[in-house]
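Order as written gives the chain letters A, B, C and D; numbering starts at 1 within each chain.
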Amino acid sequence: MRARVFVTLKRGILDVQGTAVKRALEGLGFTEVKDLRMGKVLEVELELQDAARARSRLEEMCQKLLANPVMEEFSVEIVDNGTRPTLPERARGD
Amino acid sequence: MTWAEPKVTLELALAHGLTADEYDRIIQRLGREPTFTELGLFSALWSEHCAYKHSRIFLRRLPTGGARVLQGPGENAGIVDLGDGLALVLKIESHNHPSFIEPFQGAATGVGGILRDIFTMGARPIALLDSLRFGDPAESKTRYLISGVVSGISWYGNCIGIPTVGGEVAFAPEYNGNPLVNVMCVGLVPTDRIIRARAEGVGNPVFYVGAKTGRDGIHGATMASATFEEGAEERRPTVQVGDPFTEKLLLEACLEAMATGAVLGVQDMGAAGLACASSEMPARAGTGMEIELSGVPQRETGMTPYEIMLSESQERMLLVVARGREALVREVFAKWELDAVEVGRVTGDGLLQVRMDGQLVAEVPVKTLTEEAPVYRKPTERPRWLDALVAFDPLTLAEPASCEQALLALLAAPTLASKEWVWRQYDHQVGINTLVLPGSDAAVLRIKGTRKAIALTTDGNGRYVLLDPYAGAAMAVAEAARNLACSGAAPLAVTDCLNFGSPERPAILWQFAEAVEGIAEACRALEIPVVSGNVSFYTETEGRAILPTPVIGMVGLLEEAERRSTQWFKGVGDRVALLGPDAVSLGGSEYLWTLHGRVAGRLAPLDLTGERAIQSACRTAIEAGLCASAHDCSEGGLAVALAEACIAGPAPLGAEVALPPGARTDLTLFGEGPSRIVVSVPRHAQRHFEGLMRECQVAWSWIGTVGGDRLAIRVGGRSVVELPVAQLSHAWRNGLARLVA
Amino acid sequence: MKFGVVVFPGTWSDCDFHYVISELLRQPVEYVWHRSPDLSEFDCMILPGGFSYGDYLRAGAIAGRSPVVEALPDFAARGGLVLGSCNGFQILCEAGILPGALMKNECLQYRCQSTHLLVENAETPFTRGTRPGQVLKMPISHGEGKYYCDRQTLRTLKERNQIVFRYCTESGDVTGEANPNGSLENIAGIINDEGTVLGLMPHPERAAEGAMGVTDGLLIFHSLLGGLVEAGSFLKR
Amino acid sequence: MRARVFVTLKRGILDVQGTAVKRALEGLGFTEVKDLRMGKVLEVELELQDAARARSRLEEMCQKLLANPVMEEFSVEIVDNGTRPTLPERARGD
C-alpha cells in the first residue's frame, strides 16, 4: 500500500519559506504566482492491505510524530491499494 | 550471481580516464588484462586525485620535518606535538567540483570528509575553517553558489557540533565557473593514542563501519580530476549527500572504540571509497588484504563488486581490529546504532583480493595500485603573457579624486568587506574553547586542562600568485604566520591546498612548480613544516583556469592563552605604531582591482628574514603584555588595516594618524606589501615597547593615537582622510551582505 | 545539588554543560543516556543544545518522544528541576512539556551571535539570582528558534508570568531589531505553569566564565544552586 | 488555477531525512512502514486559466529554481481548473 502524507503550516501562520520562494520566482519573471505555500510530503510504503486501516495508522503517525499540532496540519492520501497505480503521470526533472 | 562484468578493452580504460600508456602498464604489471573491477580500482587509485601523478615530484620540495612533527604528509592528516601529552592533527581539503555541481551538498560533504580525516587519526575534531573563492559577485550564479556553499558548511558543521572558527572569502571573475571550497580541520589527540591508516598484523579482522553503501558518486575521484567541459552540468553525475547526524554517531563510536585499544588502524572511505582504503592501508604497512563484499551493508539492491568498491557514500570507515577483540568493537557500534561488519582480514601476501560471494573479482598487488602509480614530470613553461602583465606600472594611472571615496569603496568591496554574513551562520563557539571568535586575524582556541591556546588561520591571494607564483605563494605563508603573530602565537605547522588549472598545460604547471617552490622557501625561512595538504588540479572550464590559488592553512601555539591579542583598537589614548618596511606596491592590489578593474603590476618585495624578525617582535610585545591590539596590513593596505582596527571590534573607536609623504598618496594608503603590522600600545607601556623594538632591531614608527569617533589620516601634513567610524563601519558591514541579499 | 546532563544521539552542548557544572561550579554531574528513564538520583536535569537525531524532521521532534523525556513530567512533579537550552527547549516544546513551538528562524538562516535578554520573571528557581528588568548577555546558536504559540496560549503565558526572557537591546528595549529569529513578542525563554521546567534558546553554558567574554550565564546556574543568591552576592550586579 | 509541485530526491540518492523518520516511526511501534521518502510540496495558486499552460510554466519554475536536477526530480499536479476543487478531504491535524 502506497500513500502520501502532507504536512503543511496551518493557514494563518506566516509561511516565511514559501514567501521567499515566491519572491525568488517573481525575480525570475514568474509573476503569475499569486500564492505559494511550502510543506513536506512523505511518500510512504506500508505493509498493509487495507486502505482504511492504512489511513488510520498514518493519521496516528501524524499525531504522534510527523506533524506538530501547534503549527502544522496534515492530510493523508492513499495512492494505490496495491493493485492499480493511480499516481499522476510524473514529469521527470530531467 | 546477479552481476556480470563487461570485458575490459582499451576504449573502456580510456573512458575511465586512464591513458593508453597507463593501460599498457597495468597489463604489464598484472601480466594479463585487468578485470572490470580491477579497472575500476586502477582508474580510482591512479587518478590525479589519489595518485598525485603530476604534483608528486614538486611536492617533494616542501620541508616536512621538525622537532614537533609527529606525522608528516602521507597519512590522512598531519600531526604536531603540543606538549603536555597532547598533539594537534590538521588537514585541509578541497571540494571544488562537487560544490559547483550542488553547492549545498558539495560543501557539506567537504566538511564531512575533512572531519573524517581528523578522527581517523584518533583525534577529536575541535575546529573547522573554510577558505572560499567565488566568481563575479554581480552574477546571479555567484549568489546562488555562495548561499548554497555557506549554508552547506553551516548545516554540516553546526549539526555535528564542531565550531567553524575562521576562513576567508574572496571574489574574482576567474572563479566564475570554478568556485573554490577548501575546508580545514584540526583535532586534538593524546600523543599516546594516535592511530594511523595502516593494516598491521596478518590475520587481524577488517571491519566496515558507518553508513550503508549506495551508488553515490561512483567516479567521483575521477571526476575531481577532469576539467569541466561544455555540458558538464547536463551530464549530471551522481552527487553525494551528507548526513552529519550519522557522522556525529560515527565520530563518537570511533573515538569510543579507539579508546578501548581494540582498533589498530583506520581509514575513511571518501574519495574512491573502499577501493582506496583497502589498498592504501595494507600498502602503508607492507601487508595485503582480502575483502568479501557480500557482507558490505548496502542501501540499494543489486550492486556490483565494481560499484561497491568505488562508491563514495559518505560517513563510512574501514577499521583494522585486533584479533580476539571483535566483540568489543561490535558492542560500541551497536550502542551508537551503526553497522559494524567484518568484511575481511589482513594478509601477508601484499595482495588486495576482492571477492563477491566467494568468487574472486580482483587480485592486485597493493603496491601496484599505490606506490607504483605513474608519476609524471610534464613540461613547464613561463607564460609569455606574464611579461606584459607585470610590466604595467600602476603609477601611470591618475590618483583618485578622493581618497575617502576610495577607502569607502575598498571597505565595501566584497573581498575586503566584513565576512560576518558568512560566519554568523556558523556555530563558532560550541565546545567553549573559542577565545577569539571569527573577525580577527586568527581564531584562538584554548586547550582545556593546560594554560595553552592554539591560533588558526587560512590565507592565499590568487592575484599575487598570478603575477608572481613564487613570491605570491611565499607571501601566503608569510601572511598566515603574520596573522598568527598578531594574535600572539608562534607558528607550528602548515597544511596547504593547492588549487590550479590543468597540469597538462606547461604554463599552469609552471605556476604550480613556482608556487610550491615559494611555499617551500618561506616555510624553510620561517621554520614551519608542511605536515599535510591537498592538490586540486584541473580547476578550469574550457581552457580558462582559475587564478592559481595556493591556500595556506596554519596553526600556531600560544604558551599562555591569557597572552593573546585581537586586531581592534581598545583604549582611547593608546598610541598606534606601524611595524615593518615601507616598501609597498599597487601591483596586484585590491585598490587596482576595485578602482581600476585591473590585475597587473609587480608585487612589493618579500624579505623573509625581515618578516621573521617583525613577527617575532610583534609576538614578543604581545607576550609581554605591551599591545592592546595587533593587525596585519594585507589586502587594501595600511588605510584599510587602520579602518578595520577602528571598526572590527565590539566598540568602534577612531584614530588620528600621521604618515610621512611617499611617492603618491594612494600608494601610501592602499599599497600592499608583506611584513607590516599595526599595533596599539597603552601609554604606560610605550617606553617598554620602544625598548623592545630597539632590541628586536626592526623597522617601526609611531604613526598615531587611538580616540574619537573618526579616522583621520594625514600624509605629509595634508589631511587625506577624515571619516566618521560609523560611515566606515557601514560600508564595511554591508559590503558583502548587500551583494548576497 | 546533583545535575544530570541528557545525551541524545546528536547532542553537542552536553560536554559544555558538564564542564561548567563540574569544573567551574564544582557540583556533582553525570551524563544520562537518552534511553534511561530512571532519574531518581538527580535534582536538576539539563537538556543541552545540539541536533538530536539530526533534527531531520523538526528540531527536537524525535527526541521529544524518547524515554528520558517521557520521564521528565514525573521527575518535575516530584520536585525536580528541568532546564532545556537550545535543542533542549525545542525538545521540551515538541514533547508538549512546554507550550508552543520553535519554528525556522525568520531570516531562514542559522544564527550564531551574542544576544541580550530582558529578565521578565526573576522569581523562578532559574532566575532568582537576577533582578526583574535586568539585561543579560548570552549567545544563541540555532536555525529554528522562532517561538510561536496561539493567542490563547500567549495570553495564558502572560497571565501566569511564564515568559522568563525576551530578546532586547543592550539597554533593555524589546524591539524588532533585538529579535534575532522572529520570535513572537521577542520570547527567548518560558517556564511551565508550575515553575519547574525552563526552556530557553540562548546558551548559558557559553557565558559562564571570563575567558568566554561573558559571565551572565552563571546567574542561571547560581540561581539554581541557591546558596550564593541567598548570600546576596549576585543581587548587586 | 491551483497546483501542487512535488520536489523529491531522485531514487538512489540517500534520503537522510526519510531514513531518520522511518527509524523514529519504527521506534514508536509503526513497524509496518516499509519505505519512507521525504520531499517538498509547494501549493501554488497561479493567475492562469489554462491547465496546460500552467503545467508548462510550473515545470519551467522547477527547472529554473525549485529543483536541482542533479539530485532532485519533480512532478506537477494541477489541482483545480479554477472552478471545482478536487483536493482530497483534509484530516486536520488538530
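Note that contacts are C-beta pairs under 8 Å (C-beta built on N, C-alpha and C of every residue); 3 or more make two chains touch, one makes a residue touch a chain.
What you are looking at is a predicted structure, and each value in this text was computed from that prediction instead of being measured.
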Chain pair with more C-beta contacts, A-C versus B-C: B-C
Rounded Å distance, subunit A centre to subunit B centre (Cα mean): 41
Whole-Å gap separating subunit C and subunit D, where each centre is the average of the chain's CA atoms: 36
Gap in Å, rounded to a whole number, between the CA centres of subunit C and subunit A: 33
Sequence positions of subunit D contacting 2 or more other chains: 16, 20-21, 24, 28, 69
Sequence positions of subunit B contacting 2 or more other chains: 236, 243, 245-246
Contacts with 2+ other chains: residues of subunit C: 53-54, 56-57, 61-62, 65
Overall pattern in which the protein chains touch one another (line/ring/star/complete/other): other
Complex contact set, residues of subunit B against subunit C: 151, 154-155, 158-161, 243-246, 248-249, 336-337, 423-432, 435, 446, 448, 561
Touching residues on subunit A, where the partner in the complex is subunit C: 13, 16-17, 20, 64-66, 68, 70-71
Contact set on subunit D toward subunit A in their complex: 6, 8, 10, 18, 21, 24-25, 28, 30, 32-48, 55, 57, 59-67, 69, 72-77, 88-94
Residues of subunit D defined as touching subunit C within the complex: 16-17, 20-21, 24, 27-28
Touching residues (chain side subunit C, partner subunit B) in the complex: 9-10, 12-13, 15-16, 19-20, 49-51, 53-56, 109-113, 139, 141, 143, 203, 205-206, 211-212
